[in-house]
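Across the two complexes that follow, chain A remains constant while its partner is chain B and subsequently chain C.
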Partner chain A sequence: MAYILTHAEFDTVLQRLKQDYILIGPVRKKNKGKFSDADLITYGQIESLSDLETNGKSQFSAKETIFPPSQTLFYFTEDEYREPKFEPQKRIVFLRACDFNAIKRLDLLFLENGQFVDAYYKRLREKTHFFVFGCEKSYENCFCVSTGTNQCEGYDAFLNFKGEKINLFPSEPFKRYFAGYEENEDILPQFIERNHIQVDIPEGLSTKIYDHPYWDQYGKRCIGCGRCNFSCPTCTCFTMQDIFYRDNKNAGERRRVWASCQVDGFTDMAGGHSYRKQQGERMRFKVMHKIHDFAKRFNMHMCVGCGRCDDVCPEYISFSQCISGLKGVVAHDN
Partner chain B sequence: MITNPYLPQPAEIISITKETTTDYTFRLKTDIQPDFGQFVEVSIPKVGEAPISVSNAQPGWIELTIRRVGHLTNELHELKPGDLLFIRGPYGKGFPKEQYRDKSLIIAAGGTGLAPVRNLINYYYQHPGEVRQLSLLMGFKTPEDILFKEDIEKWRSKFQVLLTVDKESPGWSGHVGLITNFVKDAVGENSSASRVIIVGPPLMMKFTSQEFIKYNIPEENIWLSFERKMCCGIGKCGHCRINDTYVCLEGPVFPYITAKNLLD
Partner chain C sequence: MSVDTKKIKKNAYRVTKTRGKTCLRVRVPGGHLPSQYLEIIKEIADKFGNGTVHLTTRQGFEIPGIDFSSIEMINQLISPMIVGLEKEIGVPLANGFDKGYPAAGTRNVSACIGNRVCTMANCDTTALAQKIERTIFPNDFHVKIAVTGCPNDCIKAHMQDIGVIAQVEPLYDETRCISCKACVKNCQKVATGALTMGNYKVERDPHRCLGCGECILKCPNAAWTRGNKFYRLVIMGRTGKRNPRLAQTFVQWASEDVVLGVIKNMYKYIDKHIDRTLEKEHVGYIFDRTGYNEFKNVVLEGIQLNPEIRIATFINFHGSIYDSQIIFENVTKA
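Up next is the complex of A and B:
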């Protein structure tokens, strides 16, 4: 069941949605990309369909809409902890299937890991609805078909852009915004079915692989900048930071900010102890989490194959090549 | 309204005991009732937050023994009785006390590693019938670093206590040498039935475990308590993770058979 609308018709629907929701999606910023003449696609508020950039992959994922890079947990005045008084507005976030699947991974960590629910995450998450748009083509470094995250279900709406037309598959609660348009019976959502890159996540990974010389190459190449983590839609680590304001030392705040397991200091403890001092060990830690450790705990791989870690690495380190290489190592050792 | 697990509660400092020049014990007024070996997150607004083991507890108060090593702990050492600090918790899995019932128990603690087990030792001091026998093996760098001196003297009346310092020091007539040198003495006869708790710096725990295993303590009978960088204590921040294990959730106390597979 689908609605087939023109861009203008869908814009009308968007204006209706804007009565109840703010709309957030990938937008194009001129000349802000990795290279100065390239554009940056980033998440921002959209007013109409023309703001929505569906041609090209966003450098950062939709993760920041529910897990912001820096989030104030408390405001301090003297000795008082004051929670930020913010009632997030209901929002609709436009994103791709890989990024929507990544939200499931974030949910598992923030809502289900341990006995506590992360209140800050939940507050934003509860107000957020997801409109997933299908990819017309596979982009550089994508391997979502290999990770099974090219497809998705449980969205609030699905969109396929088809030239002049858009095929729209809203969930029941959103159908009322399409009032006046006709539903077509025969059409189904279309997901991307092929990437240029295929990876085969190796079975039988274990701690036996930890001190394999395979990781040494990354010790030489990785500079520990953390970009791979920050651009990853499934990385959730953060560090707490307390600050006081320069103009009033009695007031300040506690924030959490995104952290990277590839960057120095991630494991530093008092007394000078730290773990994984070598970049090769950090790469191993990250890779094992994405394609083994997370799944052991939550029954699905963490990596959704978006390829952003490859897109942003200044050293041209490829995650998909790393996994493929690992497959060879495991096959050889077993 | 969702409860906010990051929101700490104010706790008034009842008293402060200077254990050494760098370690102070703070007694805090609180209703928190921790298990043995659990920790709390302690914070001062605008300064920071850190995980600290509960080193003693009774209904109405807990004690934290805090070493001055950095930003937050320096500030904590400036506080006075009557001041407030902020705590949330208790967190983590502590010692499985039931598994030590009626057994011979050996607790080997190195340096500040004594803090997380002190509460348990005090419990056995009050309930000496609960274990068959308790031996304490405690090591510090120098005599000046010895924590809980009064408790240790008290413990001597009921338990076998072996206290050692790393090197000869003027005025010290007790044992000298690393804890590992005394494992053999602590183990005694019938070692295979004994239970062992080892807490201390990473290398101390590694070598002390190996030594106990050498003297026929089965791996299943050993427990360790881990320390990792922690920013949340509730399984969210990711800093404490090893493989698929979160030290703040499944630890900090681990059976040795689990701990030996936790490779950083």
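Up next is the complex of A and C:
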């Protein structure tokens, strides 16, 4: 059962939702791309449906709405500390199916990974609702069908844009915002069913692959910029920064900030040791986490096949081709 | 044979080494043209020239080996190109577009490949060159102008009477900065060292910043994004027999309106001060006579300056001095 609304009608619904929620989604920022006269599609607040960018893939994912790039954990003075006053407003985040599946991975990492629940994540997460919109087409580098993340359930609403009309599938709590419209159409949510790229994630990966010369090509090609990690909807690594205010060194704050396993410094330890010095080793670490290590703990692959790492790599390194190539290596070595 | 050499020179033909043969100089404002026009160049070269074409340093074409008697015919043949590359961009030609070029003194406004192709360019250099062309062509004064997209200055703006170097104001969102230092390391290695780290965030010295946009290109997380476009004007660079020298900065962080206004006013300055006893006088030598302040006063007259602009208080030109009495010792001991 679905509501079928015109864009204007759905805008009316959005205005009702805005009474109770901040609306966040992919927006097109004119001329904010890294290259001159190019746009940046990224997450931002939306006021009406026309702000929502559904035609292109966003460079950054929805993860930053619940896991910001930089977050103050507490302020400290000589003998006491205090958490920031933080009362997030209720929000609705618009995102695609792959990104919604990525949120499930974030939940596992921050809420169900060992015995500690990440309170900073939890309080933002609890205030956040997700409206998933179906993809009208598969974009370059997408391989969500291969990772099984083209479909999803458990959303707060689902949208299919159909030209002039939008098929809407709100969950029960959100149906009241659709009051006055008929929910009568016997149709189902439609997900993208085919990508240009198919990836067959290899089974039987093991530590045997660690020293394989397969990774050497990435040692030569990768420049260690970290774009793949920062654009990735499932990368959750962070580091801590203690800042001492310059005009009073006895006061400061502790921040947690996104970190990248491809960027220098990630494995630095006291004494000057560093685990993974070569970019090839760092690529191996990232790939293994995405398609092997994570699944050992959580029974699903971390990668959701959004292909953003391919989209943003300035050296044209393809994650999906790396995985495909790895299958050949595993087959040969086993 | 009777040829009015002054007339044909103004028509963009020249007296050549071969008696009876001339050579047509074709303008390509901004150095980027639809490929269809290459067929016209080819036709003229094959039918009326010697089957060769010279690519000029100013991004035009010279078609040599043409009989003086063919000039009228060639002016008809080149007409569609003058319409396409001059009329279409708004250049007014009082005598129509089928009589060849009406002036040759002000040279083709050249441009680097710009942001239509280059990742580093901060503007569409061809489009700006075309706006400049519209402002100053046709004109008999001998002036050389070029536009380059970044301080790498591939078009050699520093060798022009006015060189336009595109700038971008980098905007920093510290909440997106993840302290990877990519921008800082790069600025210190390839630019001016305007960026430093302080308390895990980036600090920018606006007096050192060239507006090259490298920080934006290097940032993996869009903490640096593009602000407004600005331009630096370098002036009175030249080659030649008397005192070749690189152009020096006149204004920086100037708006496009200021750039076009200054260029327009420079023709008033030339008109006011040119030595009319000479066949032609190059603006750089006029500048040497009048001094910087007179130039500054005339070219800035009536111009609405944007608030960000910075204007040179003085200019110290360097360059080769060829006076052999001063710098070359006679070793033969007369």
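We adopt the following convention: the second predicted complex is superposed on the first by the 326 of 334 C-alpha atoms of A that agree within 3 Å, B and C clash if a C-alpha of one lies under 4 Å from a C-alpha of the other, contacts with A are read in each partner's own complex, and residues count from 1 in each chain.
Simple rule for what comes next: a contact is a pair of C-beta atoms (placed from the backbone, for glycine too) under 8 Å apart; a residue touches a chain by one contact, two chains touch by 3 or more.
This one's a predicted model, so the numbers in the text were calculated from it and none came from an experiment.
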Check: When the two structures are laid over each other on chain A, do chain B and chain C clash or fit?
Finding: fit
Checklist line | Which of chain B and chain C A:His129 touches, first, second, both or neither | finding: neither
Notebook entry, point to check: Is A:Lys18 touching the first partner chain B, the second partner chain C, both, or neither of them?
Noted result: neither
Next item on the list: Please tell me which partner, chain B or chain C, touches more residues of chain A.
Entry: B
Next item on the list: Using the superposition on chain A described above, determine whether A:His7 touches chain B (first), chain C (second), both, or neither.
Entry: neither
Next item on the list: State whether A:Asp79 touches chain B only (first), chain C only (second), both chains, or neither.
Entry: first
Notebook entry, point to check: Could you give the angle made at the Cα centre of chain A by the lines to the Cα centres of chain B and chain C, to the nearest 10°?
Noted result: 110
Notebook entry, point to check: Given the touch rule stated above, what does A:Arg246 touch, chain B (first), chain C (second), both, or neither?
Noted result: second
Next item on the list: For A:Lys175, select first, second, both or neither according to whether it touches chain B, chain C, the two together, or no partner.
Entry: neither
Next item on the list: Tell me which partner A:Met269 touches in the superposition: chain B (first), chain C (second), both or neither.
Entry: first
Note to self: One more residue to check, A:Val257. First (chain B), second (chain C), both or neither?
What the structure shows: second
Note to self: Minimum CA distance, chain B versus chain C, superposed model, integer angstrom?
What the structure shows: 10
Margin query: Based on the A-chain superposition described above, do chain B and chain C contact any of the same residues on chain A, and if so which?
Written below: 241, 243-244, 259
Check: What does chain B use to touch chain A in their complex?
Finding: 2-8, 10, 43-49, 67, 69-70, 73, 84, 86, 201-202, 227-229, 231-232, 234-239, 241, 243-244, 246, 248-249, 261, 263-264
Check: If you look only at chain A, which of its residues touch chain B in the complex?
Finding: 73-74, 76, 78-81, 83, 109-110, 113-120, 122-123, 207, 210, 236-244, 249, 251-252, 254, 256, 259, 261, 266-271, 273-276, 281, 285, 288-289, 292-294, 296-297
Item checked: Sites on chain A touched by chain C in the complex -> 29, 31-37, 40, 42, 59-60, 68-70, 225-227, 230, 241, 243-244, 246, 255, 257-260, 263, 312
Checklist line | Of chain C, residues touching chain A in the complex | finding: 115, 119, 121-124, 149, 166, 168, 174-180, 182, 198-200, 213, 216-223, 225-226, 229
